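Have a look at these structures, which come just after this line.
You will see two complexes here that share chain A, one where it goes with chain B and one where it goes with chain C.
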Partner chain A sequence: MTDSLLSIRDLGVRFRLPQGETMAVDGVSLDVAPGEVLGIVGESGSGKSQILYAMMGLLAANGRASGQVLFQGQNLLALSPDRLDRVRGDALSMIFQDPMTSLNPYMRVGDQLAEGLIVHKGLSKAEARAEAVRMLDRVRIPDAAARARRFPHEFSGGMRQRVMIAMALLAKPRLLLADEPTTALDVTIQAQVLDLMAELARETGTAIILVTHDLGVVARLCDRVVVLYGGRVMEEAPAEVLFDAPAHPYTRGLLAAMPRLETVLTPRLGTIPGTPRSGGSAKGCPFVDRCEVRLAACTTDRPPLRDLTALGPGRRAACYLTGAAP
Partner chain B sequence: MLRFIGKRLWHGGLTLAALVTLTFFVMRLAPGGPFSRNRKISPEVQANIEAAFHLDEPIWRQFGRFVWGVLRLDLGPSTRHRDYSVNDLIASGLPYSLTIGFWAVVIAAMVGVALGLAGALRRNSATDYLAGTVGVVGIAIPIFVIGPLLQATFALRLNWLPVGGINDGWRSLVLPVIVLALPNIAYISRLTRTSMIETLRENYVRTARAKGIGWHRVLWRHTLTGALLPVIAYLGPATAAIITGSILIETIFAVPGIGRHFVDAALNRDYPLVMGITLLYGGILILFNIATDVIRAILDPRIRNER
Partner chain C sequence: MTLLEARNLGVGYKVPGASLLSGPRLLPIVHEVSFTLEPGRTLGVVGESGCGKSTLGRALLRLIAPTGGQVLWQGQDMATIPDLRRRRSEMQIIFQDPVAALDPRMTLARIVSRPLATFEPGLTRAEARARAIEALGQVGLSADFADRYPHELSGGQAQRVGIARALVGRPKLIICDEPVSALDVSIQAQVINLLMDLQERMGLALVFISHNLAVVRHISHDVMVMCLGRVVEHAPRSAFYAKALHPYSQALMQAVPEPDPRREKGRVGTALAGELPSVLSPPPGCVFASRCPKAADLCRSTRPVLREVAPDRLAACHFIEGP
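Entry: the complex of A and B
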């Protein structure tokens, strides 16, 4: 763990709402090594995006983060806005979910890209523009030099997300946060955009945290996976073993709900009964209400996240059953 | 862009022509005429006067005469103010209305935008509440209440400024300008605040923050354009309305502007003056709308591309 690029310890994200406080992320700890691709999966509302927002200092006004986010030796949560601005957009950058609304409609695409380089790397306007055009070319925007002088509404959705990728990777960050980067895109270009992102990140040695609810994407790109439920880590495993031997009942449910080629003739996909409960409550396992194999202890005591060394290296799960029956 | 402006001017001209035509005939549908009074005049005198103003001609000829006059920039004689042409009346009144209106718009835009931005950036702070109070007061209290109040305070009690009139240079402008600006400050600050708060929530502003370019760049380069577009859209027509004079302001502060001519002219059935002022108002309104569209097109590439 000493060689990790990012090390999150006991991260909590709370939101103040009119009806009281709600816990979106609850005691999450995870590590990312340089160059590694970590997937965070979970359904809507599991808090996966909020982890990224907390790291970037982009939580909504009523949100508060607690715990520690150590990135290159600095606790991002404790930095002043000025110091944080020296990290984000430079060593740490982010790609957002909706490319249609994430680019400034009033600014030329090239200028939006160049801006970061001017601020972070001290390049001149001309140098930064040239660099921006080169990067647009690398994300395969045709006729990049001319395109850089256009405005976002003149780009298609897929092209805009490639612009976002160019923007995020322009400063050669050490870590790229990608928040469901292809959800808003046409299915036919999702894979293409993701592969491009992964390929460019590999070239620059950039590590990625990829937040998604698409397990297919995880299988394709990720080295390691963290499964999140109700703001808590349920399971963590290397990507290839997670699909073959899920340890947590929730992960098993997720995998059963995933369409597979060999089961295409079965009438229905598996579902997990019930709905996620909102707002983390203090007692018990967050998944207990929907779990088919729950024990009496699950409703009263929260199962801790334990190393499953018996199942293989790098495996953790928060379930009484997996601890008991390796 | 030139083609765009040309097209808008052409459409504006058509609109103006339609407006003027409609006004001309509607005005004549209204009962009474310029010389129908309670006071009895002999039919011969009545006929003479009407002949002098061509009111005895068929209506389409009167209209033709009017249009021919407009083309020569001659709006004809006023039927009410003997010996004055409509051109004279507008030329004598418009400068006062323009001056007061211009400063009122400038102050309203600057103060309104500043208050709105301050309120949006420091929500629920003292500044925000102050701006909110100014907004409610400015919208809720009518000009004919706040005007005399300020006159009583700053003119009669403190004796700093004249009560009204136009003979004290810039000092006579202060009160009418403030009173005219106040409700506009209120609208503009509310509009700016709402629009700024919405823009700050935009995804692209979040992207800008994620770039780590500093709060000032985020604000100036990424937030203001979007936040001020609705304000600019409001300011165009509002400016046209403000600089063409307000009857209330001109009455309260005894300013010989053109706002009062309009109402007087309509009441007196002063056909040429009504037509002249309608033409002026319509023209100014259309010009400012075009100016607004041009500015918005410059700021927003999506509007530009629609043409």
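Entry: the complex of A and C
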């Protein structure tokens, strides 16, 4: 894709552990277009969050990233810490699952927001504060001017996450990385935060990578979806297509396992046997132990991620059983 | 015979008084909850954080003493049951964090057999171990799990062990307090199916406490929606999911994201503004009035009572239209 805002090529994330090296992310390639909302879905240990941490240079000390993360023409993995600092919090921001631990408990919320503008945009303190209040109001914090002088503990969980979004969007980033941003919130508050993200993405043209385990959240917010398992991309598709006609057995299993509000009730939920694999580079398909349609080749040779042009544009899957048939 | 009945059950916690000189005061958490549960049935209790659903679950087993009303076990007031501790073999509970619920220094056989020391003190060690292995088998864990430790388990396996421990005393009721919330989707489905299988095989009654309306739909026969310590709607499952009557239930239903982009894209922008009031300062009128799109002055001043708005259907709203 030539119009990509972000191009990840063959990203690998390895962790050194006492028992040896483990591969959390294994050869992931993906693109994000300007203004696009991409969902990365996976269960625990799929490596979904590590992709974001690698991009932001936030891997744990025993972690190492390889491959390329091209963002606005520069490889983030090769930048010096100084240069990376100029990108982070400016063109690239991130929000996390737990908004409480992401905010400084000793600092007034307004000052935390203003800090980034002073550092990155060279605004004066007064200008930055005014801008911070405007942004808090924008994410519907009631009585924003007064609230800006409060501390994080005086905010509810939903409000804290809105503060995080305000902070992330202050510098008008081109790309927002969101790591399970609504997982800690009640459903009605989650709906508010998802609405807010959709609205801001639309208005400002900010692209979003949303990492989540919740296929429902993906359905609400995302244009395109990447399904991750054992550190590898299993399937990629436009959102509507993925839910209508999942190509990979893992995606099909996940969808069947989700209890729903509106479908006809089945006596039992669909299941995937076994437990999610976490990391570790296998010879064959990472999903093979849990796959109910596996072939002999699946245990020995890793199925490559192939374009499924026959199934429609923008579709890829890593499975010997898909793409071959019409 | 009705297995479990709550009659106007109220629960509160002692909190520090308003000033240094005033003594501790009672903060009510659960108000006037009533229901009956028959053997082999599941009551789903659904609500957001702080609605009192977990407190209710604990009070049903008298793990917390109620501050008002009664809990009846097979018709007998639980407060008057002699040696309730031993009687609890019939009524068990499983928790949200399956790993934290297991002692890391004990083998699974010891963890699972431990309740038997109270329930059936006459058993020999070998008998208790055999019972533990039997219970592990009932949740799909083979006998070679007996000598493993909790840290060797995945989250789903740990929750199975929690269920095995609840089963070992051959209970009639299990209170399930958010038992699948910490699990991955594929594992969540396995555990829900397991609970449904066990219910079918053993005639277990379940109180299934969850914030997840879709999960509750799958497993429950009846659904009770709680908001700020009060039941706002109580209905049979099929009627409830066909059309929720209380505006709060409807709002919850709207807010749940379903894996269906066509439905979901149409819902962007429909979230209710505002947040629920705090338990520390509940409003005088309806608990949902501050966020309800239909709220009128009456709702802010007068609390609606839970009443029968259609056959078998209870709701607490001044303005309910029938189904």
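One rule holds for everything that comes next: the second predicted complex is superposed on the first by the 318 of 326 C-alpha atoms of A that agree within 3 Å, B and C clash if a C-alpha of one lies under 4 Å from a C-alpha of the other, contacts with A are read in each partner's own complex, and residues count from 1 in each chain.
Operating definition for what follows: contacts are C-beta pairs under 8 Å (C-beta built on N, C-alpha and C of every residue); 3 or more make two chains touch, one makes a residue touch a chain.
Just so it is clear, the structure is predicted and the values come from calculations on it, not from any experiment.
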First (chain B), second (chain C), both or neither touched by A:Val187: second
Chain B versus chain C as contact partner of A:Ala198, first or second or both or neither: second
Which of chain B and chain C A:Ala146 touches, first, second, both or neither: neither
First, second, both or neither for A:Ala245, with chain B first and chain C second: neither
More chain A residues in contact - chain B or chain C: C
Touching partner for A:Ala297 - first (chain B), second (chain C), both, neither: neither
Touched partner set for A:Glu115, first chain B, second chain C, both or neither: first
Touched partner set for A:Met107, first chain B, second chain C, both or neither: first
Chain B contact footprint on chain A (complex, rising order): 56-58, 81-82, 84-90, 93-94, 96, 98, 101-107, 115-116, 119-120, 151, 153-154, 164, 167
Touching residues on chain B, where the partner in the complex is chain A: 202-204, 206-215, 217, 221-222, 225-226, 299-302, 305
Complex contact set, residues of chain C against chain A: 48-49, 154-157, 184-190, 192-193, 196, 211-215, 217-218, 241, 251-265, 267-273, 275-276, 291
Complex contacts: residues of chain A adjacent to chain C: 43-44, 140, 156, 158-159, 186-192, 194-195, 198-199, 213-221, 239-240, 243, 253-262, 265, 267-272, 275-276, 290
